[in-house]
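Only one structure is covered here, and it is reproduced in the block below.
By letter and in written order, the chains are A, B, C and D; residue numbering begins at 1 in each of them.
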Amino acid sequence: MHGVRLASEILNRYRELAPAAMTTLFDGIGTEFGADSATVKRAALAYSNEQSAATLLALQQAVEPPRQELFRRLNLAPGGTASLVDLRRRLLQGLGEHPSWAGTDADLAHLFRSWFNAGFLSLQQIDWRTSALVLERLIQYEAVHQIQGWRDLRRRLAADRRCYAFFHSALPDEPLIFIEVALTSGMSALVQPLLDPDSPVLDPADAKCAIFYSITNCQEGLRGISFGNFLIKSVAKDLGRRLPQLRTFATLSPIPGFVSWLASRSAAEVIGARSAKLQELLDQSQTGTSMPGSEELLALRPEIIRACAGYLMCAKQGGAPLDPVARFHLANGARLERLNWLADTSANGVRRALSMMANYVYRIADVERNQEMYARDYRVMASRDLQWIVRPLRSTTSGRQRDLGTQ
Amino acid sequence: MHGVRLASEILNRYRELAPAAMTTLFDGIGTEFGADSATVKRAALAYSNEQSAATLLALQQAVEPPRQELFRRLNLAPGGTASLVDLRRRLLQGLGEHPSWAGTDADLAHLFRSWFNAGFLSLQQIDWRTSALVLERLIQYEAVHQIQGWRDLRRRLAADRRCYAFFHSALPDEPLIFIEVALTSGMSALVQPLLDPDSPVLDPADAKCAIFYSITNCQEGLRGISFGNFLIKSVAKDLGRRLPQLRTFATLSPIPGFVSWLASRSAAEVIGARSAKLQELLDQSQTGTSMPGSEELLALRPEIIRACAGYLMCAKQGGAPLDPVARFHLANGARLERLNWLADTSANGVRRALSMMANYVYRIADVERNQEMYARDYRVMASRDLQWIVRPLRSTTSGRQRDLGTQ
Amino acid sequence: MHGVRLASEILNRYRELAPAAMTTLFDGIGTEFGADSATVKRAALAYSNEQSAATLLALQQAVEPPRQELFRRLNLAPGGTASLVDLRRRLLQGLGEHPSWAGTDADLAHLFRSWFNAGFLSLQQIDWRTSALVLERLIQYEAVHQIQGWRDLRRRLAADRRCYAFFHSALPDEPLIFIEVALTSGMSALVQPLLDPDSPVLDPADAKCAIFYSITNCQEGLRGISFGNFLIKSVAKDLGRRLPQLRTFATLSPIPGFVSWLASRSAAEVIGARSAKLQELLDQSQTGTSMPGSEELLALRPEIIRACAGYLMCAKQGGAPLDPVARFHLANGARLERLNWLADTSANGVRRALSMMANYVYRIADVERNQEMYARDYRVMASRDLQWIVRPLRSTTSGRQRDLGTQ
Amino acid sequence: MHGVRLASEILNRYRELAPAAMTTLFDGIGTEFGADSATVKRAALAYSNEQSAATLLALQQAVEPPRQELFRRLNLAPGGTASLVDLRRRLLQGLGEHPSWAGTDADLAHLFRSWFNAGFLSLQQIDWRTSALVLERLIQYEAVHQIQGWRDLRRRLAADRRCYAFFHSALPDEPLIFIEVALTSGMSALVQPLLDPDSPVLDPADAKCAIFYSITNCQEGLRGISFGNFLIKSVAKDLGRRLPQLRTFATLSPIPGFVSWLASRSAAEVIGARSAKLQELLDQSQTGTSMPGSEELLALRPEIIRACAGYLMCAKQGGAPLDPVARFHLANGARLERLNWLADTSANGVRRALSMMANYVYRIADVERNQEMYARDYRVMASRDLQWIVRPLRSTTSGRQRDLGTQ
């Protein structure tokens, strides 16, 4: 294989491949470009016999599949990086049906983890001065709270909002991940007012809180390469420098697994039997999307909040919180601060979490200590109120590992 | 290890380390952060017993030393990439005395090969509009034909010269490699006129040739990561696009190993016994630096040219040409076109090559074919004249592998 | 008055002025900052007595109103230029009611003509990579064929469209004027297909024609400062360089005054009596907006085209064509090439021009000669077809000067 | 005249003109493109008879020479602005011999004053990252304290130095004016240490003072268009924002006219008879350049300082200070703070000012008041020490106006 021209040609043909041909291609990369098992075995035996620098080096070289070099060469073509990210996106789509592609996926992930090391990303503020090409991508990609066209986007980029994204020099018009922030006077408990395109614009000089209300990974092909932790901290730092009057950096986060857990058997182990009213609400939330009249709801509030606290703090999988969003923020060093009732009254919010949302607080001074304690034994940092609520409950853990999914 | 702050702190301390402490540090990285031999052995045995996707993955993970992750995290700090490149520079300086650092060096080289994949580099034209910070680096780094201050540099960036460099986004003010090109009416045979700061400036519209007369790798810490091949082709492509009247892309290259080979025993095997006159000249070239009066020289010309052709085309090591510059350009797909007598009359030029220099021609249409033929059996492409000269000679190969060194 | 701070303060207060206060302000600038009539009279008499360099200089200084210096100083404030352009915009709005402001208007126009000299403008291509802030302005400003939101805009910036604007460094986010171009295979006769957001996108490599279908002056406050001529030529030059296969540069232009002229008495002098059918159509076009069924129309086509050619080529005011768009393009050196029937079937197009539009062609080789001939005696360059059509008609001129309006 | 092409052609020919042809050209522009005296006279008489808006407008139009329009059109050509600035530079060179060119000069100055309004300039910080093209200009232009090559320049751009320039978008690589600043711990009294390329570099975080030690107008063709006042204030503002610990903004300024005044008769009127020793020193300073041995000097110090204070504060021309540098800084609102003995011991410094230099202090809080008081009656703001020194002296004024020259 010789150089850029060949790489270009291969990628050009790849872009035009029909789905069936794509399958053949992935099969071929999987079988023809894997590590040679005889060579690996020889090197493995040699190492087993003698653990020297030389046998280690030989083993390291033997286990690296030739497709890594293939991908490095394809990357030389103009647009090569984008094509490879796209290639993995398609590969992942078929991975369920073709488990033999896992090795290729692992190799791509390995390369991308190196190439997209966060030290190579540039943090860019996105605002109304940004290129329409990039802004259009935000509209397409936003996964947490859908953007309803340009008018909605414009409000999300107004004076009391901030949006930041990470970019890589090889994908100049493609945000890798972006975060949306609302500057507010107090810690937001409700998400709909934040999303209302007609809401009044606050003077940012009066803001005391920065509320991270949405964070979206944009590139399917970079799944599993984690940018979110680094992004949140970079953004908090930048905001703190530009707006020194900010006192609180907090999220307003969904609790995606709450309802499905609450409906499961393990919930009972944590919080005891559900009331009939709650059971009724649960059933309803799955079929319809509306919440019942307010009086009835009012009566259910304490039970739901207790259940939600139980879910976030006591439901575990392998020691870590079961809820993927909780896992993400707690591992980053945030503290679970407050649970908010009727916080997300959209169909999605009700269906997945009975309208509950959580505030996780990032206190710069505590983040590293929290992170260490979480890393040591999955210690969940939470406010005193929440700790008090879950005191009578006991922890449980689900049997199987669950995927973190998008953060 | 938690994030950017810690990485910054480590790198700040590293920058202030005394040489002795540096040695301790490199020893520590070498021993504490290497692959765990027990774990590797276990995984090696497991793979030997059963060659499955799972045992391969486990083996791949076992052989990756933890210092790779260490370096990836250090890279998160501001200026992290530059510090790591510098770290390898210092490591390489001590590698001779500390062979145990070779594993660390290999890991850094592995990372850098990934990070500095040529697909991530940006080709920038350097001219008098470029930042003084970058231009100063050219003056410092130029290794082939030293730049004598700003006046000399200015001439090398005049209208009939071109200079290009590769940059990486993480090292914005640091050229990785740069190449200097002279636009000329014919293929240059002599280098001193090209370097003369007072030489008249040609109208680039009248140029027919682009002469690559110097190519310099700038970063000691990136030794072995090859950019030169990609740079030459990118530059030829860019020049061809901007100046479509250019007919010839050629180098005017040193022949660094000629004299030392000529003085060696193996030369005789190729070209037979040296004349007494040539022997005298050889002795002289090592002690003094001047060439003898022209008449005497004239008589020696045919013998020297024959010897030089023999050196470049018949002296081998492991099949490849012995001369590192020849190896570089021939592997890139160039053709050895012409040998030039009295081409570099500087002390260096006489001492190393009796004033001989070579033109290698890059013909876009032939480059890929040449490259393939060279890759297959080290076939040396050369002009008919040179082929004719070496017809009576026979090839020889030196016993040991020699390092390619800087290109 | 001392410097930037004072200028800033004045402009800040100005921005908050109520309309009544604005009137007082403009009155004040008109009376307090005008040229001193006693001084001017003295200098005028001195010059009348003796025509020397000294008396001329004194007179020149005397006639320059102090408000010119006032405006030059206000321009020092951050955002000063934008405020002054806005000030003139408001002044122009009230000029009809306050004829005494004409002097101030003349001074501002004089300054702006100097400041916005086309040599200081930068031509920028506008595409989907442009800032949303600027794109939003296009949506707001487009006057000829309204842009119906972002989807419409996106089509107008697709691969077979071009959009260019002039910017001034003091108004970085404000286009001064912009032009929209369609790349087509033949000279467009109908505007609706060009404006259809769902129309197929042509490969620009196949385009033979560049159709200028809309040109919009953006800044009311710069009324009378002409950029259009310079813009069209700069764009034609840039397009010709980038797409050398383009053969024709032409407009598809409205004929805004056709219906109102046709309904006037002077039309009869040129084209004779209108047919009853045409009269009926004319009446209809003013009340309703639909065109009658096609058969009826077909019969009217020759009469309307003849009338339209008569309007563009024979109806004059003070020697120049009565139609402002014709005046603009003919003065720029274009040639009236073709009249298009059912070319703009929008309500506006029917009401103003019975659906007729014109193609003016810019042939680079002829532009200067055409311009000279027009400048000499308003000679109208037109295709042979159109010349033939108007041969039997006679020219007429309207009594009063009409404003050119927006181009 | 039709557009850009013609303008380009004219300017291209202009650039190649021989000096004699240049004279013919300037004569032609002076006579053929001036205001038509008959038209002006008619308009002047009309205005004398009736002072109306219409007669004023007519007069204003009549007195504007057609060459203003000529220059506006030449400005359309690429590089037009640079050519016109160059044209005035050459015109000024010949103005002494050709007084008839004064009208053309006045017209160009009028245009440039409008075009180069300080509101259109961009303040750029110059450092080692700046383009070599621009840095080379600084070396060429620096007029106050010559830059001795790149090494000297590099020290002037080190961490404890700042350099700022104004640029205009039409002359992108041409600084219009630049200022050099030293960040120091105390108010500098001596200039040689500031200029020493080997002086130690201060940590800018420890700086308390910003010393403006050199300000240079770069464009001869913009003579008389004043940027210095605006530049000093913009720079002080920017420095104050970036380095809030700065306490003092002061100049270290030459006193160019001191010796020649001291040798004149009017000095005696202010300070009385000179001592014999001073007379001797004065004579010496003109012939040689060295200052006498220190003991002798020491004795002269009080007399020289008194004389210098007398020169700066009591020697006038038409009310304003006789010294051009004093005039510049006092008019800008600075205060004369301190006189420094042996401050500039270069040949120039001794010859022109017996080694004396002055500190003028810019206190942001006082600048506007000072400026007003100076504007009202040339009131010289000075420190109490200096006021005390000149108490016994009396003011004097030179008969003729002197030019301010370069600032």
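The definition used in the following text is that a residue touches a chain if its C-beta (ideal position, glycine included) is under 8 Å from a C-beta of that chain, and two chains touch if they have at least 3 such contacts.
The shown structure was predicted, so the numbers you read here are calculated from the model rather than taken from an experiment.
Taking each chain's centre as the average of its CA atoms, chain B and chain D sit 52 Å apart.
With centres set at the average Cα position, the gap from chain A to chain D is 60 Å. Shared interface positions of chain B, defined as residues touching 2 or more other chains, are absent. Because contacts link each chain to exactly two others and close back on themselves, their graph is best described as a ring.
Pairs of chains that satisfy the touch definition comprise A-B, A-C, B-D, C-D.
Against chain A, in their complex, chain B makes its touches with residues 2-5, 35, 37, 40-41, 43-45, 47-48, 51, 53, 56-57, 59-60, 63-64, 72, 75-77, 80-81, 100, 102-103, 106, 111, 113-115, 117-120, 122, 169-170, 229-230, 233, 333, 368, 371-372, 375.
By the touch rule above, chain B contacts chain D in their complex via residues 128-133, 135-136, 149-150, 154, 173.
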